[in-house]
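The letters A, B, C, D, E and F name the chains in turn, as written, and every chain counts its residues from 1.
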Amino acid sequence: MRILVVNVNTTRSMTDSIAASARAAAAPGTEIVGITPPFGAESVEGNLESYLAAVAVQEAVRTYEGEYDAVVQAGYGEHGREGLQELTTCPVVDITEAAASTAMYLGHRYSVVTTLDRAVPLIEDRLLLAGLSARCASVRASGLSVLELEQDERRAVEAIAAEAERAVVEDRAEVVILGCGGMAGLADEVRARAGVPVVDGVAAAVTVAESLVRLGLTTSKVRTYAPPRPKRVVHPVAPGQPGR
Amino acid sequence: MRILVVNVNTTRSMTDSIAASARAAAAPGTEIVGITPPFGAESVEGNLESYLAAVAVQEAVRTYEGEYDAVVQAGYGEHGREGLQELTTCPVVDITEAAASTAMYLGHRYSVVTTLDRAVPLIEDRLLLAGLSARCASVRASGLSVLELEQDERRAVEAIAAEAERAVVEDRAEVVILGCGGMAGLADEVRARAGVPVVDGVAAAVTVAESLVRLGLTTSKVRTYAPPRPKRVVHPVAPGQPGR
Amino acid sequence: MRILVVNVNTTRSMTDSIAASARAAAAPGTEIVGITPPFGAESVEGNLESYLAAVAVQEAVRTYEGEYDAVVQAGYGEHGREGLQELTTCPVVDITEAAASTAMYLGHRYSVVTTLDRAVPLIEDRLLLAGLSARCASVRASGLSVLELEQDERRAVEAIAAEAERAVVEDRAEVVILGCGGMAGLADEVRARAGVPVVDGVAAAVTVAESLVRLGLTTSKVRTYAPPRPKRVVHPVAPGQPGR
Amino acid sequence: MRILVVNVNTTRSMTDSIAASARAAAAPGTEIVGITPPFGAESVEGNLESYLAAVAVQEAVRTYEGEYDAVVQAGYGEHGREGLQELTTCPVVDITEAAASTAMYLGHRYSVVTTLDRAVPLIEDRLLLAGLSARCASVRASGLSVLELEQDERRAVEAIAAEAERAVVEDRAEVVILGCGGMAGLADEVRARAGVPVVDGVAAAVTVAESLVRLGLTTSKVRTYAPPRPKRVVHPVAPGQPGR
Amino acid sequence: MRILVVNVNTTRSMTDSIAASARAAAAPGTEIVGITPPFGAESVEGNLESYLAAVAVQEAVRTYEGEYDAVVQAGYGEHGREGLQELTTCPVVDITEAAASTAMYLGHRYSVVTTLDRAVPLIEDRLLLAGLSARCASVRASGLSVLELEQDERRAVEAIAAEAERAVVEDRAEVVILGCGGMAGLADEVRARAGVPVVDGVAAAVTVAESLVRLGLTTSKVRTYAPPRPKRVVHPVAPGQPGR
Amino acid sequence: MRILVVNVNTTRSMTDSIAASARAAAAPGTEIVGITPPFGAESVEGNLESYLAAVAVQEAVRTYEGEYDAVVQAGYGEHGREGLQELTTCPVVDITEAAASTAMYLGHRYSVVTTLDRAVPLIEDRLLLAGLSARCASVRASGLSVLELEQDERRAVEAIAAEAERAVVEDRAEVVILGCGGMAGLADEVRARAGVPVVDGVAAAVTVAESLVRLGLTTSKVRTYAPPRPKRVVHPVAPGQPGR
């Protein structure tokens, strides 16, 4: 089985580390293909960049030339999953949603610890839309940007674990979700500090995608995610890229 | 005062008719500038096209070279308003939300009558996110596509009025919203048939934008809609268009 | 266009200052008529007084002898708007609702800063009923009564700005609403202190009323706000006033 | 123990029949005092009349000269209970709320069958405000006005029972509430027809009031229902009545 | 009238004190029968024990050999009420629900103060299921176990009153519920400290049960609480007890 | 990895067919152990039987003598999952919840088709408690009992497919869940008829359990699902079984 794991930003090193997380969670026999979108921002931290990412991910999947069995969208709290579901009948799994539904099996309420304060409302909105917010205790910001997370792992663990502990004590969370693709490697330390299970969205999403494929389940095409109707569409391109 | 009214599809004749509706609703002294996005679909009827529209509208506003006081996003149920709010401090008004909050002044519950069945969940999701769904009685589809609406006005009125009447009787709506930019001209006939006030989103949005400008109110920059952080971003372009 | 702006308490100086706020927000050509109800309390701070105000405002509008195009009910969090909607086909705009729906265009969540602690539940209830509470971050009390607000503007600004700042930091509000008709003049100072847009309900309501009139929209008469059925009604009067 | 049972309309024969229902439900030793408000409508069927009733009931209780242990407000879906709670420390029980909380002990979901279509949103709103709507399956209108109910009992039973049956089958109600003070005598017949328990609000409210008194429970005065603050208030009077 | 008041744990002294509370609240002529279940835990503090209690209470009621008019399930936040409702047509009243619906008559919002932190989610879930959580300000833990409550009344009052005061000030509760069967005797002291009405679930439930019986209301048998269908069932027994 | 799949009724042939479904969905290397509870009903169709099942399943797992990595509770809409989570640190997966969270990846809204009308509220309540009801379009009854399903497969397919089609057309479901352990073999036919993905809870739950085990995730022990506190507990037994 081949799963496309699509990063939402244009930083190839992050695609690589996301793909590595995905491979670590995948079952034997699952091939993970990491994909970097053709345009967009080097890190996604807001609505403008997130909408850009949604379309860049769409373009990356639309123009991918091989076969695949499922798609994982690997940006926490980002727009776009619904568009991919129209593009393909394969299962499409967003890491925000996979993390939340996984966490809900493990405790009464979960919290998300993410990067910057400005990302919090985006994540809250995605959980609300996905129908997964009823058991969400809180979404908390560590105050670190996506790129800072990458640069100073020690500081990242400190900041994230501190918020995770607050989530458990003050917000009554019983499970913590790492709310950024770049946090994957920190799960063990945060778990040790906060004393609750810690869910990484990329790992969770890979197992969900594998399960859906194994069960032969595909995206419903009856209404919301029906294929686009035939019509004239001008697709955007990355500058410098020849127009298609 | 100058208001940019941005169509979400690439059909210039629809931009023109939307701008005409906007002008009909505008106060004396308000200049309406109709804008057609640089890429995207000729009509937007689904998530894939709607995400594309979000970014195309963003690009259109980002690269607009004049001054403006407010932006109206003129696609019913579409993605993207949040991104525009990061781009500018001017008020940004989505016609879906303007129609809903206007309707709520006029009756206890409102219904939306839109185009195709597949658009219904998109509209429901936008209203949910906007926090305007508590008084929504239903979103109903007329079964006509955006382009069919344009072509056969008689049939359009019949289909829309029939759903409006069902909304009033079966769903207990007291106000009806025309849930498509292309329906603007039909308000009077639908009102006559359904016996309730009929709200057109473009007209409503223009008056909201004017009011916000007049009151000196601008988008809050404190968190969700703060300007994008400085970083490397590759912007998409329309093919054939020289890269920027 | 003539808009009746009806105070909810019997203090004429407050009617005057509300009418002045309304005039400052009104478009050229809009005539604002300030009205003081014929009975009730000198300030409205609780349910008992608020119900009394509802009926006093009804009586004031019912017995108003001129023509008018819209009614603004200028008490924050008060009962009564639904009754006025039965009385007239003109648009009726409550300042609580106008402030909330205006604030929702400007930020992800809004907070209200009002007078006394006891007013908080009334305001929460009105927002819930109006279907505008989903994006309400909090309703906070400054601890000052309506009349104290009038008497010591410096202290009022301090108390309100302090709560506005807490709303932004602790409750994650991105917009603040001044939750009392008597706070209108303080918007600029509170905005400067809290760093977010500040909405005054009277100003917001006037622009909403003007917009509804301009769009030719009237209250739906199909069910909830149908005119009262013909029947024997004994109207109350102010003591000393000759019975009608 | 003495319970004031206050009608919301000015029709004395309805006060009498409500008081008779109350007496039938009361425990030995409970004295029921039926009260007719000093002004208002002969039947309450809409917001305007309901607000009028709220104040008329307030005035009736405020000026009642005897002692009492509890107040029952005997209008279904009407405004005003919160005001009475400020006026007295005695328990105040609204029949809408007593009926709903009683019904919730008897089945998974309940429906209300009321008079005219226009009363439905008022009742829905009162249940929402009271926090009792989560288990409400529907509010249905029989199509009969309050006075028609009085005049033709056979037709009333038919109309109400038909809606009760629909509520059970279509809306999945398991209990039916008679949503009008004037329906009290019809409970047995409706129960026989619909095959589910039928709750009459007046009877339910009397037992709730008795229980609260017996348990020594009084209205909380800590915030929402604190006594009105001392201030100048002009109370309305019925015309012809000497001013106080 | 005879009411079975069924303890949820196997500690007979707690059954006795619960029955004493019930008798103190009962009307003259009501006979209270305290019942201890045949198996289960000596105190119920978690889901495992609560499910065990649900079945033990079922078995106790199923095999009770006398007549009875109503059943009160006297464990706060426990499972099982729905099962009892299938077993009998008599009213079944859970003390969690009786306390909440009683509290809602007395103030705008209520809080529950219970024993251990781990009981909080169980209580929240029961209130959610019962449709009584909309006006719940908080559920707070005193940190004392059920048996500690019994042993040191002074410490219990301190701990409970401290949480009750926090509920009033921080969570804006206006009424406090004692969230444990064993707390009944502490109501007066907690009320004095917190300054708000304090509701004891056992007392409230007894008056509700009496009222339902007096009004001739029985559990709806139309769907959810229909009697079990005839089938082979192996009932569990307490070890040592001869199999039936 | 070994997964205990615990039936909720005492019919061994149903345990066998559930275990067969589980094995068909399991990955290579997963051992499925089917377990029949020691007491309870031959089919579970109501709250009384469901509570009994909860405890019987608890007893079965508590006294299971081998090792295991996860538990699947294989009864649709039944009580008890929370109790099992206290008993073990292994993941515990309820098929109701696994089906719902799986369905939410495949379409905008899902419906459940179950057996008897009386099961509908139980399922609705479990979904509400699990925080998975926001995207539930409806729970529909086929009208067949659990045992009828077993006996006449043709009739079962007809009845279930008819409800599935109604769910898609009338309730706007885009995915259908088979809401009974005994329906597993019918998925292909129902999918063909209804034209949407069909999710079987047992298969879904097995893949969820495998994923949680593979990711090293265990139940949070921090609050709700902490192990039972040490205390005297009398466990029930099946009659004839020697007391422990």
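The criterion applied here is as follows: a contact is a pair of C-beta atoms (placed from the backbone, for glycine too) under 8 Å apart; a residue touches a chain by one contact, two chains touch by 3 or more.
Not measured: the values here are computed from a predicted model.
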| item | value |
| --- | --- |
| From the options D-E, C-D or A-F, the pair that copies A-B, where over half of the contact pairs coincide | C-D |
| Interface residue identity across copies chain D, chain E - same or different by half | same |
| Distance between chain centroids, defined by C-alpha means - chain B, chain C (Å) | 28 |
| Averaged-CA centre spacing for the pair chain D and chain B, given as whole angstrom | 44 |
| Touching two or more other chains - residue numbers and ranges from chain E | 108, 120-121, 172, 223-225 |
| Of chain A, residues touching chain B in the complex | 10, 38-43, 45-52, 54-56, 58-59, 79-80, 82-87, 117-118, 120-122, 125, 128-129, 145, 223-226, 228-229, 231-240, 242-244 |
| Chain E residues touching chain D - in the complex, by the definition given at the top | 25, 27, 91-93, 97, 101-102, 104-108, 130-135, 168, 172, 174-175, 195-197, 199, 203-204, 207-208, 210-212, 214-215, 217-220, 222-225 |
